[in-house]
Amino acid sequence: MITYLEAIREAQKKALEIDPRVYLYGQDIGAFGGAFKATKGLAQTFPGRVIDSPISEDAMMGSAIGAALQGMRPVIEMQFADFSTVGFNQIVNQAATMFWRTGESCPITVRLPSGGTPGSGPFHSQNLEALYAHYPGLIILTPATVEDAYSLLLEAIALDDPVIFCEHKYLYYHLKAESLPETALPVGKARIARTGRDATVVTYSAMLHEALAAAEELAENGWEIEVIDLRSIKPLDTDTVLASVARTGRILAVGEAWPWGGVTAEVLARIATDGFNLLDAPPMRLNSKDTPVPFHPNLWGTHRPTARTIANALRDLLRL
Amino acid sequence: MITYLEAIREAQKKALEIDPRVYLYGQDIGAFGGAFKATKGLAQTFPGRVIDSPISEDAMMGSAIGAALQGMRPVIEMQFADFSTVGFNQIVNQAATMFWRTGESCPITVRLPSGGTPGSGPFHSQNLEALYAHYPGLIILTPATVEDAYSLLLEAIALDDPVIFCEHKYLYYHLKAESLPETALPVGKARIARTGRDATVVTYSAMLHEALAAAEELAENGWEIEVIDLRSIKPLDTDTVLASVARTGRILAVGEAWPWGGVTAEVLARIATDGFNLLDAPPMRLNSKDTPVPFHPNLWGTHRPTARTIANALRDLLRL
Amino acid sequence: MLHLAEAPIRAGKASDFPETYRRAFRWMLLARVAEEKIASLFRGGRITGGVFLGKGQEAISVATGIALKEGDIFAPLIRDQAGRLAFGESLLDFTLTYLGARSGPMRGRDGNVHRGRPREGLLPMISHLGAMVSVVNGMLLAHRFQGKKGTVGAASLGDGATSTGAFHESINQAAVEKLPLILVVTNNQYAYSTPNERQFACSDLVDKALGYGVNGHTVDGTDLESCLQIIGGAVQLAREGNGPQLIVASNLRLAGHGEHDDSHYISSHFKELPLGRDCIEVAQNHLLGKGWADASALEVWTRECAVQVDEAVAHALREPAPDPAQEEWCALSHRHLAEGNSAKF
Amino acid sequence: MLHLAEAPIRAGKASDFPETYRRAFRWMLLARVAEEKIASLFRGGRITGGVFLGKGQEAISVATGIALKEGDIFAPLIRDQAGRLAFGESLLDFTLTYLGARSGPMRGRDGNVHRGRPREGLLPMISHLGAMVSVVNGMLLAHRFQGKKGTVGAASLGDGATSTGAFHESINQAAVEKLPLILVVTNNQYAYSTPNERQFACSDLVDKALGYGVNGHTVDGTDLESCLQIIGGAVQLAREGNGPQLIVASNLRLAGHGEHDDSHYISSHFKELPLGRDCIEVAQNHLLGKGWADASALEVWTRECAVQVDEAVAHALREPAPDPAQEEWCALSHRHLAEGNSAKF
């Protein structure tokens, strides 16, 4: 059995093995193996290529961009996604604009340990995919499975464009798979995680598992819910979502991030514009509440969508 | 006649006059009067209350937050909205979370000279309202008229919550009014800028004027387009938009920002969920292109929506 | 603010140095005992989230907290339990926050070291290192606007946090405005697992003072006497209008980065150096050696601390957890301008 | 890269100092003449957007550019026309970019001073001050990974930019990694309208070097000879493995912040100081005084510069503007992963 976190480590290991241009840079990722142990053992196996950085997110990102321009493939670990706000400028204004301005590609991968876990509170729980997706020039990946944690990270490192890799901390240890995949859907393709005919749930990252549980719950009453795992939120695979809505006529978009302008807004805007006539009912969305992420598990469990609130929303959607 | 820029200056002057807690802080805003002259003369009239800052956006924002906690009402000028990415962390993680975490309000106003003008290029043209709106705890204002530039800024400074004030540079000198208003709609209320019955355009800031021009163009063929100026994009006045769509059955959302997760996505998601049955046609949106903002006027004029492209979109929406 | 721990310790008048020393020592002891208690609750699975201790840092922290007065500002960081107590934070704020109680200052919305009471000059840290310093600047600027004189503001940072842009911008801002900021940098040799040589290249962090045009001070962070004198002196300088003061204190972190961390990476070399000493042991010996306290007094104090801590923990354990149904899900003080209170938005 | 201006000036071999001096002077002259031309086009309404001149800064800039070799990195800022030319940027890149030509290196997508050719080691600045330095660090790190030896990277900053967190994080990063970074800080007394005393409080910006553990150098920025020696020497030190070098050059900005700015705020006091001198006049006198050039040579060089500039401008004016219909509206190099190429998205 391999966990989601181990898959991330294995992907980095493989990338270091197969591509001499790859190096890793981040706080405490060297001998220590990182705050979450995502790079455990890698500094020892690849001497000089897994480098501890000072607590300087701006300079971390800037140097990655420079190295990328000079032919390297840096993988940057932010200790928590939340701290990327301090390196934000380099990501959105330097990395993201590089190709468009100069025609030179900027192949960096930024790993963002994202999302809520009980007790993490407002500054160690954020989901920032929508922030980065708003800016042109970035690819935003949001793996929900062990397999995708592995294959999408490998693909991210191989891509010539800057990639924001939103890995979910809640899945790090919980989520396990038998083995690492040999093949995978490419970046930009969503996956139908469960087929159904009555309604479509579109989601990504940790919320996939809540949505699958909700679908399971509704299945007990004979409802067949299709669940789509976006995998990549920019590019966003509108076609797969549209095709599903064409079958089900109903859509609920679920995201763990804040509501205003989040993934659910973007999904619904696309479906409303391009799939309006496929809809048998008003589309719906479900997000975390519009407050910081709370520390206490009682509050946290209510702040974000869960299988229960997703199932309730689905009952609404199905007009039960 | 008074310009949009002068209205901003007058609002700051009035705030300094009526409220001893108000002070202004920003690069070159003192004796020099600011890069755009939005504070011209104010340092002289209010000695010690209009303060030049070092080029330290993070510390500018942090100090404003501290002063606000201690009973002041700081108004911070970012030299360009684009540079607020460097002070981003303090805004979204310190100011925006303060009330929720501590119960203490954090009354700061951040002025962001926003938006494109010919020749400004990728780093002096950005529209960042959606970034800030995504985070809980901030109010985002986007004045499109001289009157609103004045009254919304005064209201922003008077509010106890942190306000991101997105003033549009394209309107600074162009836009003129007879006089400053005595009364105004409050923050959170959209305004029907032009009434119509055939379709609704929802927009804000500089795009309002493009939309009005497009409506004028369609009026020549007898079409009556309703144009809504959101004024505030968070809170977003969904009710006014829904009521309009109830009359027209058709909606086009227009924004100058990038498409992914922008205001147009949020508006359409809300209308699709809450106003689905009011719609006679698929909703539409129109944004700038998903690339950095180009320098050359030829490119810039194509990158952003204009009266012409809005009129074309409206013809599509009306199935002409 | 509740001052559960205040009465017994503040009883004596701080008229002379031995008395100040004793008072400081007792805050240190209380902090140590309180943190050990939380650590044991953590090991027992009673604490959600992280637990961060100031073990080895109490002398520096208490010297900062004790030098501050009412009306001053304090922006503590994760290892400042002793300074918080000395500044006036109640032990209950500590236990209620760690246990996420609804009645704590953070109401379960934030936890562990993320607590404060801005109205009382105690800033609730956000996690982003360096970010609190400019907030202190702003509060001091406000004092200046408001004509409040003689107040100071202290902020704590670690060696690692000196690498942040926020540190740089804020100390420079304070220098330009000549603010009475006291920046206490505790160089405990590591930032999480990262040793100094991967963090900076100057021979001493205090060398930065010159480049900002502020006073610099160094102090042996394991020695309470020096800490009281140097930090107390720096606070006095700031109070008297001499602008920002940068203090660099050296010590060793005697705990993991958090309680999840066994800190195996800490070089044993450091543990043998004077900076590897436990400041509480040093202070204890000092008290005994100088005859400022005898063994039985130490015993009494320790027992008193244990009692206070047990009370504060017991109190907090009885407090109700936050109830999501009663929670006001609203990030704005102008509630009518808030959106999204329904789960659907 | 086109080297329109290179041939005539590089003709002489730089075997001796007078020859280097002459070469440097001629780049300075070319920069001055070129910028004056753009300024006059701006006044004539032929330039969209801002125009930013390096008047008064040519000596510092050229000394930086000329000390760099092929394979080195240069991250110029807004006042580095002379250094760009010396580093090898063609004058056409300058005119094509200012005029927004499709055939320029930025293809009309970006303009004025925002240009570069990363493949040739010339970084295109983004506007956010301080942001280029860590990019240079990264390129130097890459050189290290790739086993390239003896290369250096230079970045320019102004006095104002030293207040940015980006400056701090990046010089510290370079120091920790012992990178061959040359950071040239031109203290021209103002950041836009803001004088030094509102920007920092240290007595000399070079005092920051100690706090980063890097070498510091000061130089009179109005004196080409000193600039060549000090900056050249610092580059040599970096090249030989002595880590980052911080150079602080003093001068006065002899133009507005941009051509829209009359710079009335510049204190006349400065204009009378040696640092208020025009480095081109100083160099001209030096050339004449030393007998390294005579008046007629100066005249010839000036004429040659005018010819080159006129050619470059004329060429650029004939170039087509970008055509939005032919523009590829795509921010990703993997085009198939780009979204939103339709206006509707």
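Every chain is named by a letter (A, B, C and D) in the order it is written, and numbering of its residues begins at 1.
Here is the rule we use: a residue touches a chain if its C-beta (ideal position, glycine included) is under 8 Å from a C-beta of that chain, and two chains touch if they have at least 3 such contacts.
This is a predicted model, so every value here is computed, not measured.
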* By CA centroid distance, what chain is farthest from chain A? -> D
* To do: Compute the distance, rounded to whole Å, between the mean C-alpha positions of chain B and chain C.
  => 40
* **Distance from the mean Cα position of chain B to that of chain A, given in whole angstrom** => 30
* To do: Could you tell me the distance, in whole angstrom, between the mean C-alpha positions of chain A and chain C?
  => 36
* Asked: Where in chain C do residues touch two or more other chains at once?
  -> 106, 109-110, 114, 126, 128, 163-166, 169, 172, 176, 198-200, 330-331, 338-340, 344
* Structure fact -> Expected list for chain B, residues touching two or more other chains, is 53-54, 56, 58, 82, 85-86, 89, 93, 96-97, 100-101, 122-123, 136-137, 234, 236, 260, 273, 284-285, 289-292
* Asked: Considering only which chains touch which, how would you classify the arrangement: line, ring, star, complete or other?
  -> complete
* Which of the residues in chain A come into contact with chain C in the complex? -> 27-28, 31-32, 35, 52-56, 58, 80, 82-83, 85-86, 118-124, 259-260, 284-287, 289-292, 294-299, 301-303, 305, 309, 313
* Residues of chain D touching chain A in their complex? -> 105-106, 109-110, 114, 116-119, 123-124, 126, 128, 131-143, 145-146, 165-166, 169-170, 172-173, 176, 330-334, 336-340, 344
* Structure fact -> Counting only contacts in the complex, chain C reaches chain A at residues 48-50, 100, 106, 108-112, 114, 126-129, 160-161, 163-166, 191-194, 198-200, 265, 321-325, 327, 329-331, 338-341, 343-345
* Sort out for me which residues of chain A touch chain D in the complex. => 23, 53-54, 56-72, 74, 89-90, 93-94, 96-102, 104-105, 136-137, 139, 159-161, 187-188, 234-236, 273
* Quick one: in the complex, what on chain B touches chain A? -> 82, 85-86, 88-89, 92-93, 96-97, 100-101, 122-123, 130-131, 133-137, 234, 236, 257-258, 260-266, 268-269, 271-274, 276-277, 279, 281-285, 289-292
